[in-house]
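Some structures are shown below for you to check.
Two complexes, one shared chain (chain A), two partners (chain B, chain C).
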Partner chain A sequence: MGKVLEKTKIRLAGIKMTIIQTLKKYKYPYLFILPFFLLFSVFQLFPMLWTVVISFSKWKGIGKPKSVGLDNYKLLFKDYMFWDAISNTLIYWVTGVIFILLLSIIIAAFLNYNRLKGRSFFKTVTFLPNVCAAIAMGIIFSMLFDENVGLVNEFLGLFGIESIGWLTSTKMSKIPVIILNIWRNTPWFTVIVLSGLLNIPREYYEAATVDGANVFQQFFRITLPSLYNILFFCFITLTVDSWKIFNEPFILKGPGTSNVSLFQYMYDTGFNLFKMGYASAIGCMLTFILLIVSLIQFRIMRKQDNI
Partner chain B sequence: MKKRIFAVLMLVTLLTGVFVGCGDKSSEKDSTANKPTTGEEQKDTKKVFPAGKLVIYGYGQPQYLQQYFDAWLEKNRDIAPEVSIEIVQTEGASDSREKITMTYASGANEDLPDALYIDPVNLLDLGQGELLIDVADFVTPLKDKLVDGATNDATVGDKIYALPESVRPQVLFYNEKLFKEYDIDPSRMSTIEGYIEVGRELKEKSNGKVYLSYIDPGSKTWRYYGRRGLLPQANAKIWGEDGEVVIDTDSGAKLAFDALDIMYSEGLLLKTAIFEPALYDAVKDGQIATFYIGAFWDEFLRKNVTETAGDWKVLSAPAFENVGVAGAPVSSYFAIVNKPGGKYAELCQKLWYDFHFDAQAREDWVNAMEEQNAPYANPITKELLADDFWKEPSKFYGGQSFREIEGSALENGATNLVVTPQDVEADNIISIELEKYVAGDQTMDEAIKNMGKNLRNKIGKAELIK
Partner chain C sequence: MTKKKLFSALVYIILGIIVFFCLCPIIWMCIISLKGPNESISGFNSLWISNPTLQNFKNVFNIIPVGTNLYNSFFTTILGTITTLFFCSLAGFAFAKYDFPGKRFLFYFVIATMLIPPEVGAVPLFIIMRKVRLINSLWSLIIPRIATAVGIFYMRQYIVDVPTEIMEASRIDGCGDFAIYSKIIVPIIKPALASWAALTIIARWNDFFWPLLYLRSTPKYTLMVSISLLPVSDGLSTPWPVIMAGTTFAIIPIIVVYLILQRFQKAGLSTGAVKG
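Then we have the complex of A and B:
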């Protein structure tokens, strides 16, 4: 027993020496990154941990939190509004990924086309939606999609289509949100995809042309595979952004929980209903979902790399 | 050596900055310094208040109140020589509450406002959380001079958490021009049953062009038709004697929701969001004949449909035949924040007192509001209300006195629904079911059933504050 204790003491002393030596050797680099870690700890790490702590309590934001164990998490599984918010967010994710990526590739391909005249102008115009304030655009979209006087219904009326209750119908209320989300975010990803396209060597296309490949074959055999890493990055970013969607459904509110996103539900629960504990539980669940989705994505990528 | 000293200095500066930035969360509320004087004492007080800014949170159109406060400050420079008043506009009572709660939780007490305008539902939690000053000593001697029930919603036990600001009844605005055009007698709308009949007749005679009123596809239907209108006047209940959910079994609730169901299912209500341009356009086009809503709607009509000035008249809200009471009055309050180190609690009291008891200043301000088509409410003091100024005719209402109607409509008001700390969430749950009903996803019976089910699942029992 005494020998074991002696060995442990020696080992601990060794570890301590190693730490001291490392700190001495790299003291300046550590000092330089210390501000970030201090701010990160105070403004992000501590609030994250505090969120997890209060997710096990009942708290209105005033007074002390009251511990309720797993009650908030149990309520999540019974709460139909939570499941509505998840299914809405899932729809925003899927439509966002499909349409934003697709449109980004198409628009970036056009912008990269060497015979396109006025390329700078088109690049500027393409990026404009991303620059406009989200809330302002949301308000304009709510007017456009108004059931009684909106331009969209006026336009549809020209073709004999009856007015659609875009924001007053539980079935249709997600559509304006999806359109606004795609319209606002496509430019950003277009720029990223365009940067990827610009990095593809021209020689590949020249060689393919010589071999008789047409435009579509070049696109599917050269462009897309070369853009794989960029597209994967866009996919990850879009996934995180889609699960955090807030502005669009907040402004274009539909009846009931027909188009409420998970993030919005968390905000409403915390800051309109003042159920901070329950809102924290929703936040933890959102983090958990994003973690699972990201792990699956990275696993798929690793498998692809191995192939 | 120099490098070492520099590195240590940098580290110390950084750490100091972090600790200072985190702030001193002094949760000790210095309530004795803020203790309000009584309503009688403050008249004799000539205390001079220190220089600074008195901040008030307000929603709606608080910029018009700023005009009163600025004039008031000029008249009271002897006690507030270097004080300024700023009204910060918030989205609503719950937004004000959120801001105060978050500011308080962060420890930045100097950023708390000195006072705020608030509704009974949000007032309750702030008061019980000791974020508001108990003004019972100040306002109790004045109760007899105020309209009946003015302080009820702010009273919890022997504490009064806010000063009453306004008590406004539910009324019925109707477009007299349309009623004359279709030869309909507006006095038939003294009952809900008569109101619905009038709606049917308007629809028939106008070939569907004219609607009895509107219905909001969002949360405002519950707020204006339900909580403040049909439910209180049907003697409906959301919660039972012990706080249990009864909305789905209560006969009054069924009566109220059925009335709304009849109006909407028969196409008597235009589906359009309130406060939005589409509604005002419909009013200007002569598509909406009436508004069964709170007296506050006066300011929105005067501001947004000035072209229809002279077409509108006002009646007391219709009552159910078997019940006999009109909608419940809506009270709003002026609460003084229990701000650590706050300097202006007494000044807020004086400000409130003069606003409600200084007849001339109030009349001057109201005249200015009329010229600007700006909002104002009737006073809550009996003495002021008795004055002929509050019976003056209004050009917008074709010579009728809106002020007089607002005063008389309080007489037959229903008792408000019981206010509980769970009401914020309950309103959300009930409203969601009504929104789905308006969207056509469920019948009214299904909506009522789901209200009960979801209230039990998510809230269970309400806490009835005695």
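Then we have the complex of A and C:
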């Protein structure tokens, strides 16, 4: 017995030695990456785990949290505002992914047109929407879409369409948010798609031209398949960004809960109603949704066996 | 030949339309912010100005403390960008040019952290910030994002392409590890630093959620939070020209900064971004 203990002790000491030696030998790289891991633990990992703990309690943010078990989650499933927020966010996600990816491919393809003059001007200007703050643009959009003074209604009036209360009707209120989201985020993905387009060897197109393929055939047979990885990357980023959408619906408020995103609902419950436990439960659901989406994405990625 | 010309013309027309949609809301905002008190702002009337005035810009100062808020925005943006550039490039350098046990795992770990945004932990983050007394302090916006996963990823992608021989040569000359970073790597990766700086400056200037969460009094607000509290409501009584002057303060400086930095990052944005 004693011998075994002795041996384990020696082995442990050995492991300790090797750890210290490794740390010493690779002192600099570890030191260089240390800030990230420290900050990540304090400001991301720890809060995430703590969110789970708080979600099982009732808490106003001060005093002692009262443990309530699964009550928050049970309430959540019966809460129609929560389901509204989920379906709103789902709409923002789907419309965002479809339109932003489509538009960024089209715009990038035009910017990549080989006889284009003034390319840097077009590149700079088409990136500008992404530079502008969502909050400031949201305010501008709320005037553009204003029922009485807005330019959009006036323009539609030219075609005999009666003025629409964009932000006052439940049916229409999401449209300004969706348009703002697309307007502001497309340029970012255009840049990424464009960088992908530049990596496609010119010879592919030359060979295709020799074979008599027209522009559209070239686009669908060469361009799109070559962009697969890049588009996949865009899809993942867009998904994470869409599920945490906050600024656009915050500033372009619709009637009732018609525009509220999931993340905005979490903020409201936590910091306006001070239901920290309930807000944490929403946070956990958000994490859960993102984890599932990521898992599915990695499944597909592994199946395709690239990236 | 004519077919080609026709196609070219089509490309320019479509790009023209896209440019129009990109610029239209920004220019429209500028026009309205310059309108005098007696001019009509509704519908198509908003497109012309007969007597431009800067009065609206003065009036914004009466509603919100623009000066203080601008200072707060500048402070967090500049300090946040400098610290992030330094720590992200340092970590990116370690991941790109060193071999150390657990490197692969740690790097994938860094990438994986991007999948769950830190915003989901907003409730405990607020409590933590209160504990360390950083609520209402501008440092609360800077410290948590000193080193970000995206930044490290971006920097690593760029530094990988720096030839290792230069590093080894200087090591033989007696350069320390940090000296190699500051004297060899930093000068080479300047374009990447410039383009990451541009992206970080834009993101920090436009940041809204974190300042809204952490800053709890008007003199401490960044410009974005102040702007969001301008009195916008549906109706004719909204003082639109004044509000548009406020949003101009939020948008025009960052566009100017972007256009200046644009010159530095010619090579940047696309090179480091994504390699499939």
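The rule we apply is simple: the second predicted complex is superposed on the first by the 269 of 307 C-alpha atoms of A that agree within 3 Å, B and C clash if a C-alpha of one lies under 4 Å from a C-alpha of the other, contacts with A are read in each partner's own complex, and residues count from 1 in each chain.
As a convention for this text, a contact is a pair of C-beta atoms (placed from the backbone, for glycine too) under 8 Å apart; a residue touches a chain by one contact, two chains touch by 3 or more.
These numbers come from a predicted model, not from an experiment.
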item: Touched partner set for A:F271, first chain B, second chain C, both or neither; value: both
item: Which of chain B and chain C A:V42 touches, first, second, both or neither; value: both
item: Contacts of A:Y113 with chain B and chain C, given as first, second, both or neither; value: second
item: Superposition-derived comparison: chain B or chain C, residues of chain A touched; value: C
item: Contacts of A:E147 with chain B and chain C, given as first, second, both or neither; value: both
item: Partner chain(s) touched by A:P255 [first = chain B, second = chain C, both, neither]; value: first
item: Chain B versus chain C as contact partner of A:T170, first or second or both or neither; value: first
item: Which superposed partner A:Y80 touches (first chain B, second chain C, both, neither); value: first
item: Touched partner set for A:A279, first chain B, second chain C, both or neither; value: second
item: Partner chain(s) touched by A:L290 [first = chain B, second = chain C, both, neither]; value: second
item: Residues of chain A contacting chain B in one complex and chain C in the other; value: 28, 35, 39, 42, 61, 143, 146-149, 165, 167-168, 271
item: Contacting residues of chain A [partner chain C, same complex]; value: 22, 26, 28-30, 32-33, 35-37, 39-40, 42-44, 46-48, 50-51, 54, 61, 107, 110-111, 113, 115-116, 120, 122, 124-137, 139-144, 146-151, 153-154, 157, 165, 167-168, 183, 187, 191-192, 194-196, 198-199, 215, 228-230, 233, 236, 240, 244, 246-247, 250-251, 263, 266-267, 270-271, 276, 279-280, 283-284, 286-287, 290-291, 294, 306-307
item: Residues of chain B defined as touching chain A within the complex; value: 3, 7, 10-11, 14-15, 18, 21-22, 94, 97-98, 101-102, 104-105, 125-126, 128-129, 131, 217-218, 270-272, 276-278, 281-282, 424-425, 428, 432-433, 435-436, 438-441, 454, 457-458
item: Chain A to chain B touching residues, read off their complex; value: 27-28, 31, 34-35, 38-39, 42, 60-63, 75, 78-81, 143, 146-149, 165, 167-170, 253-258, 268, 271-275
item: Residues of chain C defined as touching chain A within the complex; value: 7-8, 11, 14-15, 18-19, 21-23, 25-26, 28-29, 32, 41-44, 46, 87, 90-91, 93-95, 98, 100-101, 103, 106, 110, 113-128, 143-149, 152, 177-178, 181, 202, 205-206, 208-209, 213, 224, 227-228, 230, 232, 234-236, 238, 240, 243-244, 246-247, 250-251, 254-255, 258-259, 262, 266, 269-271, 273-274, 276
